[in-house]
Structures are given as C-alpha cells and as structure tokens.
C-alpha cells in the first residue's frame, strides 16, 4: 500500500461517519498537494488491500467508510450482549413466595411482605416466563392466582416443586454455605 | 507550563559569592515587575522546584550544592516577593525558614561532625533529589505514547441487526436467601403451616387422569378449583407436575404468547399403558 | 490470514475498549471450541498481518486493541477541532508520584513535592479514572491511599506498572562533598 492509501486507511478507521472526497481532501495541507485523482487512486489501492481482511471499503451516499464484512456479524453482534443487571431482592422475594406458596394472589403476597407489589416486577416475571396466571380466585374482584412455570423449574434445574427445600429447611439452612459469590465484574 | 519555558535570563539571579569574590550589589535585572514575578512564581511547582531551578541553572550538582549560595539566592527571591507584596505560598516561607536554619548552623564554629540524619543539609539534598526524581518521572510519563494523543482506536462501521438484550442471571441459593430473609421478617412459620401432602397428591393425580379420559384436551386452569383453597390448588399443581414428570400427561400451548396451557393424555400408546 | 485471525480482527475493530483473552474467548460458542492457545496464535497472525498497515495490535493492561500507528496521528488529529489535552506539570507530577509510589496518601505527596496538593487535580485524576482510592491508611485520620487504575495503564500504552520507565537514580549524599561556604553577609 502506498503512503496516501495508508493515511486514508488511518483517517477512515478513526472516522465517526462516512467521509466524502471533499472531506478527505481537507485532511491534507496545501503543501501536501493531494489532488482528487490521487485521492481516488489511493482509495482504489485501499479497497484492493481490504481483500482478504475482515473489512471492506464502502462508498455510501455520504461518502467512504470502512466497514466490517457481513460474514463476521455473528461475532461482532456479541459486543451488544451486555452483562445483564442483577434482579432486585424484591423480585426474588416475590418469586420465592410464588414458588413456595403457589397459587398465590397479589393481595396475599402483599400481606406477607407488608408492602404493595410493584406491577413491573410481576410483569418481568411473566415476561421471563417464570410465573404464570394459574386462574382466578373466586373472591370479590376475582384476583389472579400466580404460580411458577416449567421454565422456572428448568431454569433452577429442579425436576419438580418437590425439589424445592421445605419452608422449615429454608428457614434453618445455612445459606452462607450455599450462596456462591458472584464474580465481580 | 514547564520551567523550560521560563526565559533563563529573567531568572539570572545575582550570585552572592563566586569563588571567594564578594557580592557587589543586587543587579538591576533582579528587579522584575511584580506582575512578571507573579507569573514566574506560577511556573514553579513549589520551593523545591525553585531551588532545583537555581541549582540547575548554574550547572551545579545537587549533591555538591553550595548551600550558602543557593540559600542567599532563594532568600533574595523571597525578599523580593515581600517587597512587591506578592502573596507567597506558605510552602515557600517554610523553605526559607529551613534555609535560614541551615545558614545559621554554618555560621556556628565547627564542632564535631554531625551525622547524616542530623545534618539539615543532607535532609535538604535528599528532598531535592527525591523531588527531581518526581519531576523527571512526570516528564517521562508525558513522553509516553498516549491513547488519543498518538494512537486512536481503529474502528470499522458495523451496523448489523439490533442488539440482543440478555436477561439477568439468578441462582437458586440467591432465591433461597431472599426467601429466608422474607421468612424471618414475616415470621411466616408461626402463622401458616404448610405441609406436603403426598397422599392427597396421589389421589389428585388419579383424579386428573380420570378427568382427561375421553377428552381430547382440557385447559390447565380447569384442574384448579379455587374453592378448595390454596392447599387444594397446590395439590392439583403438584399432581399435574408429577404426572408430567412421569409422562402420563402432556401439556401443550398454542404458539402465541400467554396462550392457555392445554393438558391431554399422551398420544403414544406405551405411555398410556404406563 | 486464517479465519480465526479475521474474526478477531472484526471483533477488535468494532470493540469500544481493549478486550482481554478471556473476553475474546466469550465471543465464541462452545461448539466453535476455540482454545486459549489458538486465540494467542491467531492474535499473533493478526499482529503480523498489521505490518504494512496503518494500524497495529497493541496489548495493554486490560487487553488487546487495534489502534492507529503513531506516524498517522498528524492526519488523525484533524478529526478533532480541539487538540488533545495537555496536562499541567502539577497534574503530571502528582500522577507520576501516585504511579511510581502507590499506595500513597496526599500527605506523602505533599511531603515529596513540598507544596499542598490541589484537590481539583486529584478530582480530575479520579474523574479521568486514572487513579482510585485503594484503601485507608491505618494512621490517625485514616487518609486515603491512592493508586493508579487499569485505564491509566491503557491510556499510557502500558501492560503493567513494570513497564513504567525506571526512575532516575538517587545518590547517597556524601557530606564531605557538600560545599560549605561562608555566607556573604
């Protein structure tokens, strides 16, 4: 690759958006005396030198840019898989109540926890398909009865709800031996 | 702003005594306008920096500095600051006091040699050396190639499909811990007694299977009778889960979100036989 | 370039920050069965294939990054209207002390420099994430002990603190060599 093509590569690899010929020209001082035909020729050299690389030179409506070839999208997309946030204690408590005391209504959850149930938490649990509405309780207002799903069992690697420790066990077990510190970061 | 920027001529302070020659008078170039003096003071990082400048400016070695000479120059500087009523940082005055002490010691008749730890000159030289080391380290640091000064991240555009949002992870012990806390808080155990009822569950399993006989499928919800109370519903659920586990029944869901679960007898004959 | 090297190039050219071997590994599924030695070998292939290009593979404290070579900074700089930040001697000296002498307290910095530490400088360094509080010194007042961060190493293109230039030598003071002169007055 000649020097001009290399400079163009460096400019395009650090550009936030596509750059037109005119914009590329502005990167050079008048002493450097880079002409349009020279620029075009250098861009051609650059494009040829991207053969066999993971990226290619593309000319879009607003100008030139270096972009990743599509066949690498599988891997490149994984940049976006952010490490998910942790679930709140509230969510875990509500999920635990639903698991151990299903079927359970919101009112019953509120009674045990002593605070109103945040609708967003129930929504999250429903979306995650860990809980579902088992039916409606035949009391005024016909509240929904909530229970856990098969996905819940699968996720927590339980064969059945019987595999959940009993309430007595939950109360007495030394969790210090169970809770494995999540790796930081 | 580095000391190198300072015009050396401006700082060419009069030498108090050179090779035995006595000092004549303060040369005129010491009388810098107060504003310029304030700027000069700004270019120094502190008294040690000023002292180092005075030493280096005369091509002297720190370890062989003529203390008296340097002290006088420094004092001349401080005096000048006072004359122009420039606010001098306390640090400069602390150094002036130290230098004055050294100077007065040098005036005293020579007694037995002081040990290194006791000699204030040695302490001053040590501090000057240590500070010079830091000053050099700062320069070295600034000279290192730096990201976004010499180097930039090479990036290509990659506008593929929208990103996938991942779900938070949680482990059973965490769930247990949350529940344990809740139990402690609500003291559930004293008010509610929940026991597993294996027998009633077996019975319920039979009932579920009976209900399904001759039916193509029944909705999951139809197995629950809320009037039986919480315990009854739990037993039904457990019964159904047990049946599923034993592959005695099958569960289906239409291919849409939140479609009702349908329960049916298995289609394969051997499962029915079991 | 082999396929793995090309995939790594695509990943690194779309990464927002340096990626460690461990992080690079996470871009591959278990079926792809990419091992550490394979990754290392592919990174070597990639580095070799950057010879004669405007960019290079650099390993810093937090991992690998593809970055433009220094000789192209003249042009790359023109993307920005503002010149890269120049740091004051005060900031550089304080940063140098923290880098070479960590863990170090403010009082210790003041002792060496002979002047009070400007709180704004420490704040700037903390905000820049070049320094952090490592803990508290068990002396009266429990002062904060300061140290540098990974970002500091990344910015200064260092793999570890060992890569810092060595400090100039401090010589022992020989009192006999100290010139004792009678003061002039």
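Order of writing sets the labels: A, B and C. Residues in every chain begin at 1.
Methods note: a contact is a pair of C-beta atoms (placed from the backbone, for glycine too) under 8 Å apart; a residue touches a chain by one contact, two chains touch by 3 or more.
In this text the structure is predicted, and so the values were computed from the model without any measurement.
Undergrad: Farthest from chain C by Cα centre, which chain is it? Let me know.
TA: A
Undergrad: For which chain is the distance between its Cα centroid and the global protein Cα centroid smallest?
TA: Central chain is B.
Undergrad: Could you put a whole-Å number on the gap between the CA centroids of chain A and chain B?
TA: That pair's centroid distance is 25 Å.
Undergrad: Can you give the whole-Å distance between the Cα centres of chain B and chain C?
TA: Chain centroid spacing, chain B to chain C, equals 14 Å.
Undergrad: Provide the C-alpha centroid distance between chain A and chain C, rounded to the nearest whole angstrom.
TA: One centre to the other, that is 29 Å.
Undergrad: Would you pick out the residues of chain A that each touch at least 2 other chains?
TA: Residue numbers touching two or more other chains: 10, 13-14, 54-55, 68, 72, 76.
Undergrad: When you check chain B against every other chain, which residues touch at least two of them?
TA: 152-156, 158
Undergrad: Please output the residues of chain B touching chain C within their complex, sorted ascending.
TA: For this pair, the touching residues of chain B are 1-3, 16-17, 22-23, 45-49, 63-69, 71-72, 89-91, 95, 103, 106-107, 113-114, 116, 119, 121-122, 125-127, 129-142, 144-156, 158.
Undergrad: Which residues of chain A touch chain C in their complex?
TA: 1, 6-7, 9-11, 13-16, 26-28, 52-55, 68-69, 72, 75-76, 78-79
Undergrad: For chain A, which residues are in contact with chain B within the complex?
TA: Within the complex, chain A contacts chain B at residues 10, 13-14, 18, 54-55, 65-68, 70, 72-73, 76-77, 80-87, 89, 92-93, 95-97, 99-104, 112-114, 126, 128, 132, 134-139, 145, 147, 150, 153, 156-162, 165-168, 170-171, 173, 175, 178-180.
Undergrad: Please name which positions on chain B make contact with chain A in the complex.
TA: Residues in contact with chain A: 152-161, 163-186, 188-189, 194, 196, 220-221, 224, 226-227, 230, 233-234, 237-238, 241-242, 244-245, 251, 258, 261.
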